[in-house]
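Read through the structures below before going on.
One chain, chain A, links the two complexes that follow: it is found with chain B in the first and with chain C in the second.
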Partner chain A sequence: MIEVKNAVKTFEGFRALDGADITVPDGGVYGLVGPNGAGKSTVIRHITGIYRPDSGEVLVEGEPVYENPAQKALLAAIPDDWYYFQSATVADMMRFYRGFYPAFDTARYERFKEVFAIPEKAVIRRLSKGMQKQVAFWLTMCCRPRYLILDEPVDGLDPVMRRQVWSIMMSDVAEHGTTVLVSSHNLRELEDVCDHVGIMNKGKVLIERSLNDLQENIVKLQAVWKPGEAPVLPKELEVLHISHVGRVYTYIVRGKAAEVTARLEPCGPLMLEALPLSLEEIFIYELGGEHYAVKEIIL
Partner chain B sequence: MLTLNYRDSEPIYGQIKNGLKKLIVTGALAPGEKLPSVRSMAASLAINPNTIQRAYTELESDGFIHSIPGKGSFAGRRQDEADQDALRLEALLEKLRELVAELRYLNVTTAELMAVVEGGLNQ
Partner chain C sequence: MNWEVSTMQSKRSFFNRTLFRKNLTRFWPLWGIVSAVGSLMPLYVLLELLNGGGARVTSLEFTQLLYTVAAMAVPAVSCAYAILCAMLVWSYLYSPRSVELMHTLPVDRTCLFVTSVLSGLAMMLIPYAVVGALTCLIALVFGFFDFTAACFTVLAVVLMTVTFFGLATFCAMLTGNVFALPVLYLLVNFLAPLLEALVVTLSSQFLLGFSGSSQGIFDFLAPIFGIYENISLEYVPTRGAAEACYLVGFGTLFLYFLAGLALLGLGYLLYRRRPSESAGDVAAFRGLRPVFRWGLALLSALTLGYLLYELFCTPFQWGCYANPAFMAVCMAITGLLGWYAASMFLEKSLRVFKGSLKSAVVVCAVMAALCFAISADLFGIEDRVPALEDIHAVSIADMDLRATYFTEDDREMVERIVRLHRALLSDKEGLRREAYGDYHCLLLTYTLKNGTALSRVYRFSVQEDRLDDPASWSAQVAALYRDPALVVSQVTIPDNGTLTSIFAYDFANGYGEELLESSEAQSSSAKVLYDAILQDAREGNIPGPPVFPGDGEYPYDVRFEIEYRTVEERGGYQHHYDAIQLYPSMEHTIGTLLDLELVTEARVELWNQALVEQYGEDALG
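So, the complex of A and B:
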């Protein structure tokens, strides 16, 4: 389990983390989402033991991770900005990683040669950005980490490779119970792979829940009312958003689909349909309340 | 063996569940045939194994599949094929009801419908 408890981190007066709380359960795939500058990468650098929090705790299996080699050996990370040594080849870096990770799987490294199709003798810095990222996956997945920490992992990968690396990761989750923490803006993709989601904004975690829970507790309703009838919704419903095109009204309401529908039926709609929300829509509506929304600017 | 539609309002686990159910009721997955493991399914679709587990668990409680500990999941109920036929029958009748409703919407008369049915029976 990875736990971040009330972590605060200040950079020259700017509070990048402002009491962040995160719990990543074992065997879970946790998606960390949030607008740019929300503090996602800062949290990740705390979990990988690069930053020390000003206050609060960052624990991996109950132990602080900062300057703690035993805990760091359990986790492997692909940062958003990686580093390879000058003129190092894939094989050189493999030997480097093998020196640090006791569980490094050399047989797996050999098998992945076919998957990634990058010459082992290639100088990594001369490869394209996408290919460098493939090397990052190749080496990291061979470390057989118990915890895999990924900061925007699939950016720069082509669609086939994205699927390939997710496939490898999901098979590790199923077979070895690997715990994954992943930050990404690709919510469509996170929806497939994650079972837990944390939404961050301004250095805090606003919502942290299982994805099922999140999707079952917010509902999109489409309703058509009789012509000329101004729909008045029951007061006890927590409506996050209302929009309409012609007579078709779309409501975003907090609550379970069945309960909300039962509340609205007595109002006499001509048609009423409850639709599940995508993670992308949840993200937009949840943060909309935090004064963060797409501004309709016409240039 | 399954394709997921990401624009569908149906959640992913529901799509997997319905997809497998369809394969089972149409006989594409014969009773007793082994289903892919959760791990291989997660890898081939690149989705969370818990999602697949959820679909499998619901299919099992609905009686479309059964699992044998240590061996995996298999299509159909454990005992006999009678249940299978009942499932298939129900699915086909449901399909027929849907078709009739659709034809009704297109203003097909009862007489026309009956003629088609009789034609099919006499063949």
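So, the complex of A and C:
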């Protein structure tokens, strides 16, 4: 398990982490989402042992990860901008990783040659951005990490390769119990793979739940009211957002679908329907309360 | 394989072979090129041997070659090469991407530090090893190899390598910017003597007599200076015909080596605390920011402030001394410039002016205060005259008076010079305004018993109307310059010295015709001639330096070069040279030249005629 407890990190007066708390349970895929500048990359750099928190704790399997080679050996990370040595080939970088990660799986490296189809002798610098990302996945997956930390992992990969990479990672999760922590803005993609989601904003984790809990706890209602009637909603409903087109009103309400529908029924709508929210919608409406409402742009 | 077994680290590791190998293979062009360039030296030696016959080379010459390289080339090469190696092995600290990779790896910083340091040292030592091995191989083949010399040379190389790489590593930990690293290294290497020179130069603009020549008190803080000052070759005669050659200064090298190790230790402690996010920043630690700002402001004030004054304010000063108010303004302006430049580097932005008024005022005030403090002579530098009991020796020099030394054995002369110094200081304001002209430029240099030196320089012309007052500095200068003891001191070889040779040249015919070339083998001629010169000096036949313009006698176009050597306290010899003109009044010397049949009467007559033609009948007195 990865735990970040009340982590604070300040960069020249800017509080990048402001008491962040994250718990990544073992054996699943944890999606870390949040707007730009929320602190996702900063928290990932703490988890990979690059940064030392000003205060708070960052633990991997109950042990601090900073300056702890034993815990770091359990992790492998792919940052958003993966570094390789200027003149290094794939084979050079493989040897480099192999020299550091005790669990490096050379047989797997050989098997992945076919999957990624990148010449081993290719100088990484000369590869396209997408191919460089493939190399990063190739080598990182061969480290056989117990915890795989990914920051914007599939940016630059084509759809086929994305699916391929996710497939490899999911099979590792299923077969070896690998835990994946992934930060991404591609919420549709995360929705397909994540078990747990943490939403960050302004250096704090606002919500951290399993995706099911999250989706069950917020509901989109579409209601049609009688003409000329102003819809008055029960005060106990926590409405996050209201919009309407003609007589069709859409409500985003916090709560379980059945309970919320039951409370609205007495108001006498002509039609009432509860719809599940996508992760993207949850992200937008949850952050709306944090002054992150989607602004209409008029050109 | 079981997961736990494959990932658990069984013990703490201080070295990572993969990283070490990667560093050497990544950066091979540097050590490869340096090795190739260095190999040109043994190649040149080999070609020389093949062309000129290697049989003539002795093992003493081989030893001399090794030690010369160790004493002359290795300090400079190591100093320059260390920063290149440090820039490469620590390059990962200067980019956020690379530092992210390296600090994610399952090794701690101790392991990264030790491995990087060993990589850097290996990169430094490989070229030396290549060049040394080739040289020794040639020496072995041609039969002039000296094992002891090779060992001492290797030791010297290793000591200097650790010294300079330690310093470079320490600098590498202080900054997060790869371009700032060589600048910082250069500054740290020369900071102490540079600051001393700047402060001394500035002080000499205000303080009467302060010569502006740096004493080198802080040179030991610049390893390159310290090493060059202390490491040298020493030749000691042995029972056989040949001399033995030694490399001296290992004590100093060991001290710098220990300092290098200490800097590596400090570098390690800094690396442990260094935040990864400082990659790209000029200062790796927040606490260094004020140091960087104030340091740059001070350097800017001392260098650019002085330059600004020289360019625009020199016309407003009286005498040859600077106007403190104008200098303070210049230093405040340029100090502020340095402060803002430092802020721009630190903030990586040009927008550093907003809200900085208070800091700007403080910087200006501090720089101006520094200028006034120096000009006010808070430490009493102007008035400092060493106590007689503290003086080991004093030398006096002027435009027409080459440096003449008096040791404590010549107490009366030392006292006279100290009295003259005090008399000059009693008339400070007059001398400062150059109210008395500047025909003389009197340089007094005291060597004190504590090993330090004190130099003062005064410009003046002797005042004829003050000659009657024996207490006046004019009368004292005139008396001193006209005292034959001054000339005797110039030509006297000290007790621990031995005359080695005298050369006599006649320039009357337009070129330096050699009248006498006397080395030790012909010491009888040299000794006789030297005794004659000394006798002339004692009898006052050699004129002293002129007191007034146009004073003194006219010399022949004949010059003697006297060479002697003294035995040094720490062993070995020091060679000295004196040059003396021949005057018509030097009857004993001229007589000896005739007796030794080095010249004829006719030639002396020719010299007289030349003197008369050039200066008139009075020239012969």
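One rule holds for everything that comes next: the second predicted complex is superposed on the first by the 299 of 299 C-alpha atoms of A that agree within 3 Å, B and C clash if a C-alpha of one lies under 4 Å from a C-alpha of the other, contacts with A are read in each partner's own complex, and residues count from 1 in each chain.
As a working rule, contacts are C-beta pairs under 8 Å (C-beta built on N, C-alpha and C of every residue); 3 or more make two chains touch, one makes a residue touch a chain.
Just so you know, these numbers come straight off a predicted model, no measurement behind them.
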Fit-or-clash call for chain B and chain C when the two complexes are aligned on chain A: fit
Contacts of A:173 with chain B and chain C, given as first, second, both or neither: first
First, second, both or neither for A:193, with chain B first and chain C second: first
Once both complexes are placed on the shared chain, angle at chain A toward chain B and chain C, C-alpha, multiple of 10 degrees: 160
Chain B or chain C, by number of chain A residues touched: C
Touched partner set for A:45, first chain B, second chain C, both or neither: second
First, second, both or neither for A:163, with chain B first and chain C second: first
After fitting on chain A: smallest Cα gap, chain B-chain C, Å: 20
Those residues of chain A which chain B touches in one complex and chain C touches in the other: none
Sites on chain B touched by chain A in the complex: 6, 9-12, 38-40, 42-51
Residues of chain A defined as touching chain C within the complex: 11, 45, 48-52, 67-70, 72-75, 77, 79, 81-83, 85, 87, 95-96, 98-103, 144, 146, 176
Chain B contact footprint on chain A (complex, rising order): 29, 163, 166-168, 170-171, 173-175, 188, 191-195, 215, 275-276
Residues of chain C that touch chain A when the two form their complex: 1, 3, 6-9, 12-13, 16-19, 21-22, 26, 95, 97-101, 103-109, 111, 275-277
